[in-house]
């Protein structure tokens, strides 16, 4: 499926091996030794491919698919054509993700420690870590094993990076301690001074920013994101968070585990988000607020007050989502001249 | 006009030559051999400069201008002072743009292929292509002729770049195929993984992103933009699109030819935009939508439903622009206590 | 207080010396030779630390604090525990900022002029200026004394940088003249072409951008910001402005002294902002507008008309803040069925 200019395909894998990877089970009568060469969508897949169907909406496509094998919900088994090797999974899309990752693991680095990388005094580099040309590792930084630092990334003095983390091209890191299996995409800046000033008509006075950024394990941070370090104390990103492109995170923000922040959203200084919050695209959270665990902030919402655990808010200023839609209905009726 | 620290001026050019460049015609009696040294605005221009007047609002300024030559609408001819060499054009601003580009072509590169650039194994570099210091070209990349890769840009493995394209400083490109005469400004990231996860309370599962970014010809992409590659299939930017700074384009978005996307706008995954759509600043388009050709999305609009060909929408959630303004009027009247 | 991986602490300082730095005065009976080792918050500070209390809300914390010394409002003196060395200040937070900066001056550069920096022909570098590895200085650039250019920053041909300025990692500068004591954070792009096109169904025509960016003294510009150069004439950022992350400033924008622009805000081309304007986060100002001195634009506001000196506006389209809240109240009442 994937363009070989950019992706290196592994395999072939047997259906039995794929079932193991996928945490799926082979349907009765499927030949566990059948070889599969690739993953593909139902409508494109051929006899050497494995596909997936995780929803009744795909029933029709499944019936007409030429895929050699398919990860399916057991309930869809009857819709599959004869001869298709079925692999049952309760979560076929998840199974597909696991299998696709096996066929297409991250492309190998094109460098070991490139001679054009710059390694500062006293910096420690773990085993099997690759560092690209032009990357700069500051004095005393500690880069764990099996990391990958892409070309022209700059990692500041003293930064700690856990095992198996990847830092993209042209990323800037400073004043931060980062966990294991963290991926940071190109152009992102972590650990620069927060926006802390004493406003003053003659000249604003900068308040020294003396904290850090602490990032947990298994975090993904998109491209051209900005995460400021704490003023006193730390900015904290919990384990398992996923952060999209062009997001802004102010100083001393604390974010719980598994929280999801979509593109162009922003969080002002010192706000605390619980676990598994969702901040949709282009939304904003004002400073010094508390957003409870599991809260959902709609796209473009502007949050200016605390949000309770599990609450869903929408609009600017953000209000409970049901109230928001009630207002919209009223407003529409009004503008149609039915406003009483 | 332009500061010689930064710009190198060509010329002088004769009025006849300028008329050719400008796709304009000399007024009767104008000396085609008169030499012009520079371009300048009407109020600043002197006898050696060519200026332009493309609107009746400039009539007064035209009358008092000291410009030696002027690109004008024929209808404005009578307002020009005696002795000014008039060049008639139906689109004097367009003519000015052409002439200004002749006086001030892009400044020449300060490097050929800089010895501090890094060229990967098997990468092919076209004739007359310039590559700045610290730029990194990945394994097997194909850079066309007459391209310019600025300092510290990073071009990943296998990337294809067409003839005459310019890649700015600190740009990151990967997994992409880019057309001819494309300009990408500094700090922009193209081709990184899209935001594809299966949400999961224990740990979000990443869905491998196996597509590409395909960019047509004559595209301009601003600074610190982010364009994610497709999950399966491609993210596509049509020929002639112009994209401003800090724009976010999600995976599998497809954008038609000539579409205009202004600063800080964002498009979520899998949405399709037709040709010549305008997305104004800070607007957002939700995922999996269709925006018809020629549609106009107002600044800060939040689009959560399909938009028809040529439709203009405004507000968040976005509604037809007339309806939006009707609501605003009603709301204003209401808050003034006239709300019945 | 601060993590020694990232920060180098100076001192100890005597209370007398601290009072001088802080522009504060020692309370009667305080031993001016008492040594202080660090700064810290009231609740964490110990007998070797100096803290601050600038608000009656901190009275309780002050009473129970173990801090050896404290910068306080004279009115809070009675709340301090016996034995605490009091330093009186009318603005204790400001005093704290000055003292914290003395204990923790910017960490020293890890380089002088790094051998892996690239210095263009005819570029001039002032005394005591440090240039990091991979940084590129263009032909004829003039970098003042006591500047610091971090790793992989790219400074274009002819750029002028005043005394004591700091340019962050992976910053791109071109076509700009920058004052003294300016700090630009990582990933920011200044001086690229503005978004100037003549819209055209066949092919948009680029208007040559022949101006510059002029930045005053004592300006701070956050991470991943974009500031375009003027089309004809200049984009101007006044002295003392502070600009947060991911802000967009279009071509020919002019910004007065001391203006504050918070994260993800944007200003479209040719708008003029007076002195000491505040643009809150994610707000937008449309093109060709005038925003008077001291105006306040609320978070996420969308400004489509001029704003008067000192006016406060909110909402999209932005209206005077009192009117905005009146509308919100009406709308809430309406949606609760009380709308008459």
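A, B and C label the chains in the order they appear, each numbered from 1.
Throughout what follows, contacts are C-beta pairs under 8 Å (C-beta built on N, C-alpha and C of every residue); 3 or more make two chains touch, one makes a residue touch a chain.
Values in this document were obtained by computation on a predicted structure and should not be read as measured data.
Taken as a contact graph, with one node per protein chain and an edge wherever two chains touch, the assembly is complete, since every chain touches every other chain. Superposition angle, subunit B onto subunit C, using Cα atoms only: 120 degrees, a multiple of 5 between 0 and 180. In terms of their C-alpha centroids, the spacing between subunit A and subunit C amounts to 29 Å.
Touching of two or more other chains is recorded for residues 134, 152, 170, 187, 224, 246, 264, 282, 300, 316, 331, 334, 339-340 of subunit A.
On the side of subunit C, the complex with subunit A involves touching residues 1-3, 5-7, 39-41, 91, 93-94, 96-98, 100-101, 104, 107, 110, 114, 116, 132-134, 150-152, 168-170, 185-187, 218, 220, 222-224, 240, 242, 244-246, 258, 260, 262-264, 276, 281-282, 299-300, 316, 328, 331-332, 334-335, 339-340.
Looking at the complex, you find that subunit A touches subunit C at residues 118, 120-121, 134, 136, 138-140, 152, 154, 156-158, 160, 170-172, 174-175, 187-189, 192-193, 195, 197-201, 203-208, 210-212, 224-226, 228, 232, 246, 248, 250, 264, 266, 268, 282, 284, 286, 300, 302, 304, 316-317, 319, 323, 326-327, 329-331, 334, 339-340.
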